[in-house]
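Going by the order they are written in, the chains are A, B, C and D; count residues from 1 in each one.
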């Protein structure tokens, strides 16, 4: 070998009988985003085999309308993730489907004025019926009106909402129900910016005052990082969920706790670093802030998550199999969260 | 003219003595995003000449670190916008500069591990000093600890924070101070997802409990739409601010108020529609939801806002000149917001 | 069903035991680019089952350095494509590997000055040894110097180059050799813009004059369209190869031949329509030009081809299996190309 | 100053009475692509003041349909560039307008089937009349049929085409005529991939054989680099023109001439580095290949060129004014090109 830069020749992929996981392994020997996708699977697989690690997922983009909810539920049920930070919209759309409503295969070329006349909402190439959303609106507003008046973190609110949704017979593929059943916290740091927030606001105008205390969210997710061994992050898109998880490392630093940045970092994004925003920034940039450990395994994949998630989830299922992951168990009953790793 | 599609020949731009506004006008005869940028200026100019119109701006991306704060302040001071919905980060960085701290001209190629060792945070090609951020952290935490215990909307909190910042001698180019002085509401729907939220959380661990009630934000911005004549929107990026403004049209529809969608809609974005997210979706898609009026003037420009904002602001200044815009005045004292147009 | 827009509910993908082809089928019920990728597989599969159809592939981007050469060879060997239009670079890099040289797994974060000092060329996250390229340079220049002086189309030149490369013992995964062996024409419309062109230019300065007559290329590929039944196109990226294939429909129209546009159209691209270029433009735009039939099956997928190609090729292999495709056989011996479908 | 990373604070741009050039200067103190755009102007300005420098421009994307032809003509007439490497399409569209035909202000939302029925071609939001293109087709084919049979480089062909176009009274804003008049070579490395190539192919089927020898192009542009002092490059987009100019540095290296890479490098692009292609790759990557000098001034701006070109051209005009640039004069009469700097 002539020099240090030439350790491994690429291994061009042939076309052969291969499982999804085997194809992912083969793509490790290629280049560009194909290799990055393969590396993200390898990193997640490695992270799942770590001891004492808490895995946070950030979820943005209209992933549920795009048919990704059963995949996210699977990740929760098999504890491929331990905490979900999401937009409110994704959870609203999950509740919508949990209550038996649907999204529809549409076209990105439809005439939007005509759709409007037919009461059909478009999400790129997915359609939904505006009036069907009212079912979920009312479910949320009605449920909120039964709650004792106190300040709920979004985690607490989503947990009891999941319980109620299950009681009402919501489908088992629901993210919200799966999270409730598997004790995986869901945080929605911008709850008011979604139909869930709209439901609560309308309930309030009707006299039913439920407060979601989002500063409490900051405290709770910080406790999660404080109580964790290692931490890993998986970002589907960027936005508020990515920043909300990233900033826990800033907080612990301000609090004088040297947690040293996340140890694993994966992102699937269609953004790009050169626009300067947090959504598309590299994990290397995050190293300068101390949010990511300099020695962390870092993989940023530039790809639509509706392509990445099905492939990654199937590959992980194949690699991890029925082995039970030693996932953290949370005890929120005391003053401070306690985490117990199995 | 042979057929309806051939009404106007393009007018290739020559290179001549031109002001910024004249160049924008000339670019109306071109194509692609150059024309879109010119159309965004024409649309905003037209909107400013409308009667009884409330203009909402959504602000995302690290616009303040990138040197855009004096432009946003100008837009507020001259009432080219009437309401600002922002990420917390942009307002935090504005406060940071208002308190005399700086951002620095950096490089996107810097070694992030070395930056970390030097306590320097990187935001693409802008640097900041981690320890300098503590000044703003403490300002916010200390201020919060002096406040009467009640539930504040982020609008209320930002208004009294602006007052305090002015009292402390914050610089006149501050967005937060300009908004306070000009009675322009600032909403931060994901306040907890920023250093402002971190400040409040740390204050709370210290025993000082201030609650920002974000459902109240939904109510208040909905009141703004209810009390407005026409509405126009300008989105710098997408994210939570875009959705938070867009959803007001859904809320008014649920409430049975037929406001009919925003009448003007401008977006500067580096996202793209085909990823399916709300940030990059077209205003045509929004028509299907009833968020944008089918007859609205709609311009989506695919461009980094750090290119668009300086050009657009200078062109508007040239076109509008010293004429005082008949901007809405808000009366928040009663049960319901009252808006008075001059 | 309430209205015509709601024919099919989405079918969220679960995570299960699935082959690659089965996963692709499952993704047809989702949204965004995940569904588009699935649709591209379905369209290609359908195209392969059509009678009397000639399939053109355009190939851009550094696909061979990124490890995609065995996939392209497979597509040729199994006649999933009938004609390849490529950049010169991809064919040069294929020859480089056919001659036993390598590309290397590198990093996009490497120090380029240091790489330069070590004689290592970087292609994003793939490395190559500058001096190793000389082997292929000399092979091409030496071979060119043995050729009879005449005007070669790039198709003719690549065919005899493939023959020579095979004679020299080039590896069987070579695109150039596979195309030669399977009688699949390779066109390189911008041959001079590549190391192949450089080789010919250096040979010429050494007195060996071989001319590649690119107008002949236009004539020959036009003959292919003239002699074909239906035509289908698959674009990996855009650039010259996409336009060169697209423009055949303009030529046949000018020549008064009503071929009516391509019947199948698939593109994998990381470009976007809103920049106005041909590379990223939609197939709908192409309909206005008559390049694509209005009733054609059209799928544009926004994705890095290094992700798409491995998945698509494996899914097609699974669907098509060992069935021999009835591919066109070319007879270039007369004045006009004759095509015989099996 | 605490450390080396904090040399210059950003200078947020205010909104003031400013010329385009002054705004560009002000944007040097900001961040992200706004600063990059300003840096591109500063770099080009500096390059124009260099002695003994030859400036190559690569031109891709549908810049002429998008109304950029008078700007490119201005750059040629004032010798802000010394050599143009273009797609054939841009030069065809320039000839189309030089012959009095037009492009039209259209919409990217038009119905393409209806456009097709009306004989209207769409280029994103620009329209053209299919039948009007025949005028330019015939002009090229007819002219080609009058030429002596010999092998022309595309440079030679475009030069005599420019002469003919001028004789026929083509408009003075024409790029092709301006280049002819100002002795600025135009190379079209993929001439066959355009309507110019189509014209020549149709002429040939009619018995008029003109050959464009593209290997001669490689030789001629290499001579330009060999005979130059310093070299600078400005890429509008990427594609073949970018690579064709970049590869001259590889050729001179193979030929044993140590020219050391281009000294100035500017690119306006809507591509991105992470897709691995040459179009979007960084100039840093090019350093590893020796194509760009490690000490070169390098600015890559991520922006639609229809935004960048008008601003950059106006800013340069303001900065350079009437000063006559000491541009290279070419003597192509001997065996080898001689360049004389004034």
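By definition in this document, a residue touches a chain if its C-beta (ideal position, glycine included) is under 8 Å from a C-beta of that chain, and two chains touch if they have at least 3 such contacts.
Not measured: the values here are computed from a predicted model.
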Using C-alpha centres only, name the chain that sits farthest from chain D. A
Would you say B-C or B-D is joined by more C-beta pairs in contact? B-D
So, what's the distance in Å between the C-alpha centres of chain B and chain A? 27
Here the gap between chain B and chain D, centre to centre from mean Cα coordinates and rounded to Å, is 37
I'd like to verify one number: the distance from the centre of chain B to the centre of chain C, where each centre is the average of its C-alpha atoms, in whole angstrom. 45
Mark out which residues of chain A touch at least two other chains, giving numbers and ranges. 31-33, 62, 65-66, 110, 115, 120, 123-126, 270, 272, 274-276, 284, 302, 304, 306
Where on chain C is chain B touching in the complex? 31-33, 272, 274-276, 302
Note which residues of chain B are touching chain A in the complex, please. 60-62, 65-66, 89, 108, 110, 112-113, 115-116, 120-126, 130, 134, 137, 151, 189-195, 197-198, 200-202, 204-205, 210-215, 217-219, 222, 237, 239-240, 243-244, 247, 250-251, 254-255, 270-279, 281, 284-290, 294, 304, 306
Within their complex, state which residues of chain C touch chain A. 2-16, 18-20, 23, 26-27, 29-35, 37, 62, 64-71, 74, 97, 102-106, 109-110, 115, 118-120, 123-127, 129, 173, 270, 284, 302-304, 306-307, 309-311, 313-314, 317
